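These are the structures in question, set out in turn.
Both complexes below contain chain A, partnered by chain B and then by chain C.
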Partner chain A sequence: MGKYYNLDNMLKPKSVAIIGASQNPEKVGHIIMQNYFNVGYSGDIYPVNASALKDTSILGKKAFKSVLDIKRQIDLAVIAIPAKFVLQALEECGKAKVKSVIIVSSGFSEVGDAALQDKLVEVAKRYELPVLGPNCLGVMDLRSRVDTMFLPTFKIDKPSIGGVSFASQSGAVGSTVLDLISHENFGLSKFISYGNAMVIDEADILNYLGHDPDTKVIIFYIEGVKRGKKFIEVAKEVTKLKPVIIIKGGITPAGSSAAHSHTASLAGSYAAYEAVFEQYGFIQAKSLDEMLYYAKIFVAQPLTTKKRVAIITNGGGVGVLAADSLYLNGLDMAELSDEAKKALRKVMPPIVNMSMPMDMAGDADDKRFGAAIDVLSKDPEVDALMIISLFQTPGADSRVASTIIKYGTEINKPIVVVSPGGSYAEVHNNMMESSGVPVYPSPEDAAKALAALVKYAKYKQRNEKVGKAAKKK
Partner chain B sequence: MGKYYNLDNMLKPKSVAIIGASQNPEKVGHIIMQNYFNVGYSGDIYPVNASALKDTSILGKKAFKSVLDIKRQIDLAVIAIPAKFVLQALEECGKAKVKSVIIVSSGFSEVGDAALQDKLVEVAKRYELPVLGPNCLGVMDLRSRVDTMFLPTFKIDKPSIGGVSFASQSGAVGSTVLDLISHENFGLSKFISYGNAMVIDEADILNYLGHDPDTKVIIFYIEGVKRGKKFIEVAKEVTKLKPVIIIKGGITPAGSSAAHSHTASLAGSYAAYEAVFEQYGFIQAKSLDEMLYYAKIFVAQPLTTKKRVAIITNGGGVGVLAADSLYLNGLDMAELSDEAKKALRKVMPPIVNMSMPMDMAGDADDKRFGAAIDVLSKDPEVDALMIISLFQTPGADSRVASTIIKYGTEINKPIVVVSPGGSYAEVHNNMMESSGVPVYPSPEDAAKALAALVKYAKYKQRNEKVGKAAKKK
Partner chain C sequence: MSSLMDYMEAYKLLGKYGIKALRASYVLNSGEAVKFSNGKPIVMKLISDKALHKSKSGLVKLNLSSAEDIKSAYDELVKRGQGLKPYKILVQDQVSNGTEIIIGGNTDPQFGKLILLGLGGIYVEVFKDVSVRVCPITEYDASEMIDNLKSKKIIAADDKNEEIVKNLLIKVSKFLVQNEGITELDLNPIILHDGTYDAVDLRLMKG
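Let's look at the complex of A and B:
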């Protein structure tokens, strides 16, 4: 065992024991086991139930009274039984040389029973057992087809497979954000709900996801940090490798006391956390929406340290709001080169002014959008593009969306699209987002995301330089 | 003609002439005329087209060469012809004693042709003609079935009839927000797109909507204000009568110059506007989302000048974020009375802690939600409720939504619901919103809306007191 727990056995297990598996479809253990079938898990599954008889079978699999009776290598045991039975089950996992354990059961330090939780920790340490939880939803890995969530699947839209991994101390935030990820049309790599962080904590998870090749962007909901120093040590390394977006619950006196009764976290002072986040290159989100808005630009768009943004729009008023939003988020309005202006003059109707934001008028169609994006993508005076496509206007249709996708996935400058609206707009927004073009409901949201991208790019560049300078010495 | 233009003839016309009506379905005049049929307008419609022959009919109605040929009372003429022909058409409207005119055509001061626009103003003044526009979308009134918009209707979700009226200087912001209103499930009374504000301006519109009995809440997108003093004079009166939510385009140097080329507005300094908004009780929104989030709480929920908010949740983590959001928006967390605690203790399972935010656990169902809301609605220590209902959890379903609707529309304290999520959540959010319960995607958004409500309630109370004191003297 190294400095940090490796979570491979938990996220890519070849064999799983479900302790608390049951024939009763209302039991958590039943739902978890059913989930393994539903997602097409291809490893071995062993249901464990203390009342199992010799010939009991659960969901078609032979059931065992104890994990000790299985007599095969178990990569992961999921414990889903009442709190008072968990200690014995964990002890048996240790004896059976189970490689990793997830305790989804609640009823420990979060309800004031720190003593019981301390006993679990003692067992885990004795057997060197990586244990996730308790009081958590467990994990989800869409590639390895592992899903320990015990929530009704019809209530949560399943995300597609992608590059964002998400760790959450809170199970409710976890399931809600999973649902939102699919709504925002970006793909998930891994989901880790870690609850009370009794053994495996934030530092372990950040370290694991930081080195996971399938994870391009990390999003993190935390209430408190157990090992502050270790967490910072990991963060220092990981934020240089990939963007880590963080949302901290309990940043105020009111929230902090709420966090304490939720996951027994000592939330600490906001100022202290914010200073740490800033210093170590975290991207701090102030709301769940913001967290998702940041994730979708980082996972799909290139970084830029420069901040001259060109705005094109098919609606003047939203262009005005966009100009405001650049300024308020510390970004600059691009000034087009003479060459770009000349090229645009040739393709735009006379009514279109070459100044930024460029209002291409309400009848702007895919040709006008395409020509503008093409010219701006080549203009050395432009670092990033904000494309406002109001699908309520006469010229905007699926060809405009296709054109934006074509350029948005080809050119080497970050692109954000602003497209507020109802059902017609939403169809096209889904289309663009599924192809990796981040779409925002307002210029303000898009500008915030761009500003976060530029800020992180600068942090990364600064630290790469420091790294190189250090090497030279 | 009084101090301000009355817009009744424009919004509730008994007869309409459409100048520029055409047999060609791609012409704006055709679309507008078709719209009148589509929305079930019951007054008289007269198509006017300069190339009309004696027996020309357009969409089944006899066409006229000029508005002068109609020889009947025309309450409203909509002018939708190229800019260069507008002057003559307006002159003819004056001669024909048309009662009001909307010019949707563009190509005037917004493209630098102030001279042509000045000539229109001269004609309008000479005939005392209330003229809306030019360079606008016109008006929509769902009750009187008037709709002069020339946008493709399949692209814009139609709002239901309700208490919010919306005025927009920008047509694009106008049509986008209309689409969003329906998405946010609150009802519209009137929409007024006023473009260059050549004759009828912000002050006239604010005055009209302020005294319109069907309008409960006003939302306003402005870029510049023509008659600052008059606008303030009207605002002073109207903001005491009903909430006026305002979003100002061009609040920064970048945005201000964009606004100038958009509607030829002199946007003025942000500080100056903000001071005015603050002093005269406007509710200032910083983004389109925020504007809609404010509208939906004001149109459906009672005011409160007190700010002790009770939070109940079926997910601990989102409760923590909610506690933070209260603090960050200047609201207080309610402390329940002993009586309330006792009553709740009887109905809640032992795991539920009576402290705020009250985490009712992931299996909270309609009974638990109902009991909690019932107790809190009666507790004198609670001024407002934030209900977090995560529909991803096992206990939350349509019965929870129904329960929230029942209380949300009955009790005399403002209620905001937080329900982030995908398709399952959305179905229930639509259900709640259609019944007047405002639903928000994050605690941050809900807290902002509540804070705006409290702030406005205090403004109103302060000014009512001042009013009463003045009367006593």
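Let's look at the complex of A and C:
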């Protein structure tokens, strides 16, 4: 792990200096400091402001003119001052032996000032400083109560604590997705917005989150990577450990005019990224919605390499759509074993046909749902379950949701629920999702998520085998 | 600035990696071409940096076996070559009918060498049904490259063809990795026929 930066000092600091902290509530430095208080950070906070006087205090804390004046161990310095002052501030962080730095400020390579950014890199390397940014939102770790974001708390909802970590090159995508995640029922572990990736880049972040025990699933928004070969090296290891859902922004068309061959125009930059994602076990999402749909199945459901899906429904039409969506996503419809059919026959009313998708009729209640899930969960011919619970039907109520939760958290086969609808459905969907049963608005979305789960499970199994075989040799 | 490697040089270099192209030679006059043919059907091509799409621009003459045909084809190519100087005239064995595929290589600034597989000939640009991987590829990657194509059943019509394409992909990947200086490669088309294959056209770009 030695080759990559460890981000612990950044995400779990015992002491933080906020360079650019200000009494003016409109300043970024003020908002960042206020956020530290709002999330209940328990370490030491040192506001730094170049115009601080001897007795200046900011938000009740004694202010310093420079990090050099603090004379205590600083685990993290957050720099939020205009670009032209950043170089000096970083140099001082180096001299003060600060353990890690986040540069929130913008005005560097992203606006064409590569020269200034190069100078920062030189300082960072000289002091061996792990630096995140510049031009980023910084980090958020809900467990250690760290939040360097400069977005006022009333503008963005905060997710609950959970197992999904999210890294984003873009700050805007980052804050938008955080806001979206806070309305999902899975929680967030860590958020890292890394901007220009001047020192700490995608490979470092993937490596860190890959080895972070609190992170079960990683979601990653990238526009490009800095060190392609390193990124692949880390990906090979990390995608074997945990699912990494990736979304690539900036799909540029291959410059075919500049190409000398067929291949150059067909295997351009985006094709290269797709190849990397495909080859090294990433789960590629094509939209933000898809990204969240994948996150919620991976964080809560077991993997399966087999793909025979049983569908039960309390509405025939949606069942047919579900059957189509399995096929379109390369999944198979399960064929129930004779024992399962026999067992179901006993508990289902005569109108229920034993073939897939099994339509349990509009009056299906919790008992019917429970009996069906129970039988299917034990049938060796079934690898995963898609449960369509239309809460608009007469039989479906909170007891159905509770039954699905009971089985969804107990059985060792992946379960997805399809439950489109309005506020009544919504209440039950939230109940189910808070317990780790992923709910989707349509069979297509559910099937896509299951297909991604199976694909990843196969990748993992294949590479574990390869790993074991290599060890034996 | 990249430049196209001489055809025969490329032919020999790929040969070292077990990548087999059709028997070929440059000719300086029609007599040499007749000698190369020795009564068997041949193909004659005009090779020039200024002509990328040979089949589109009529710079390929197929299925020539009589001395007269060879001579008139040679004369015509020479005439056409006046605007494409410098050029060379290459003769090759006439290929058997079969399935045309393309195997290509490119260099990505971030990830290095890429390898590409698709249905070949004129179709590659129309359908853009290709799969791409980062080199070096494993045997599994090679299988997946075939599996991911819509034209899978055309390319890997039987197990034998699938095996040929798989092995060829692995050889080309190895070639690309070991030859840093080759930044782009087009083997287009490669013709799969009678349980074997022939690379018919080779383009190697040096970075």
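Just so it is clear, the second predicted complex is superposed on the first by the 456 of 473 C-alpha atoms of A that agree within 3 Å, B and C clash if a C-alpha of one lies under 4 Å from a C-alpha of the other, contacts with A are read in each partner's own complex, and residues count from 1 in each chain.
Convention: a residue touches a chain if its C-beta (ideal position, glycine included) is under 8 Å from a C-beta of that chain, and two chains touch if they have at least 3 such contacts.
The structure presented is a predicted model; accordingly, all values stated were derived computationally and were not measured.
**Q** With the two structures laid over each other on chain A, which partner does A:R462 touch: chain B (first), chain C (second), both, or neither?
**A** In the superposition, A:R462 touches chain C alone.
**Q** Is A:A272 in contact with chain B, with chain C, with both, or with neither (first, second, both, neither)?
**A** A:A272 contacts chain C only, not chain B.
**Q** Output check: A:G315 vs chain B and chain C. Expected answer is one of first, second, both, neither. What do you get?
**A** first
**Q** For A:I232, is the partner it touches chain B (first), chain C (second), both, or none of the two (neither)?
**A** second
**Q** Is A:G224 touching the first partner chain B, the second partner chain C, both, or neither of them?
**A** Second partner only.
**Q** Considering only the touch criterion stated at the top, classify A:A323 as touching first (chain B), second (chain C), both, or neither.
**A** First partner only.
**Q** Mind working out whether A:Q392 is in touch with chain B, chain C, both or neither, as first, second, both or neither?
**A** A:Q392 contacts chain B only, not chain C.
**Q** Tell me which partner touches more residues of chain A in the superposed arrangement, chain B or chain C.
**A** Comparing chain B with chain C, the partner touching more chain A residues is B.
**Q** Which parts of chain A are touched by chain B and by chain C alike?
**A** 261-263
**Q** Using the touch definition from the top, list the residues of chain A that touch chain C in their complex.
**A** 224-225, 227-229, 231-232, 260-264, 266-269, 271-272, 274-276, 278-279, 462
**Q** So in the complex, which bits of chain C are touching chain A?
**A** Residue list for chain C touching chain A: 2, 4, 52, 102, 104-106, 108-112, 114, 116, 118, 124-125, 128, 130, 132-134, 137, 140-141, 144, 148, 184-186, 188, 203, 205.
**Q** Give the list of chain B residues in touch with chain A in this complex.
**A** Counting only chain B, the residues touching chain A are 107, 111, 151-152, 154-157, 168-176, 178-180, 182-183, 221, 223, 247, 249-255, 257-259, 261-263, 286-289, 313-328, 333, 351, 353, 355-357, 359, 362, 390-394, 396, 420-425, 441-445.
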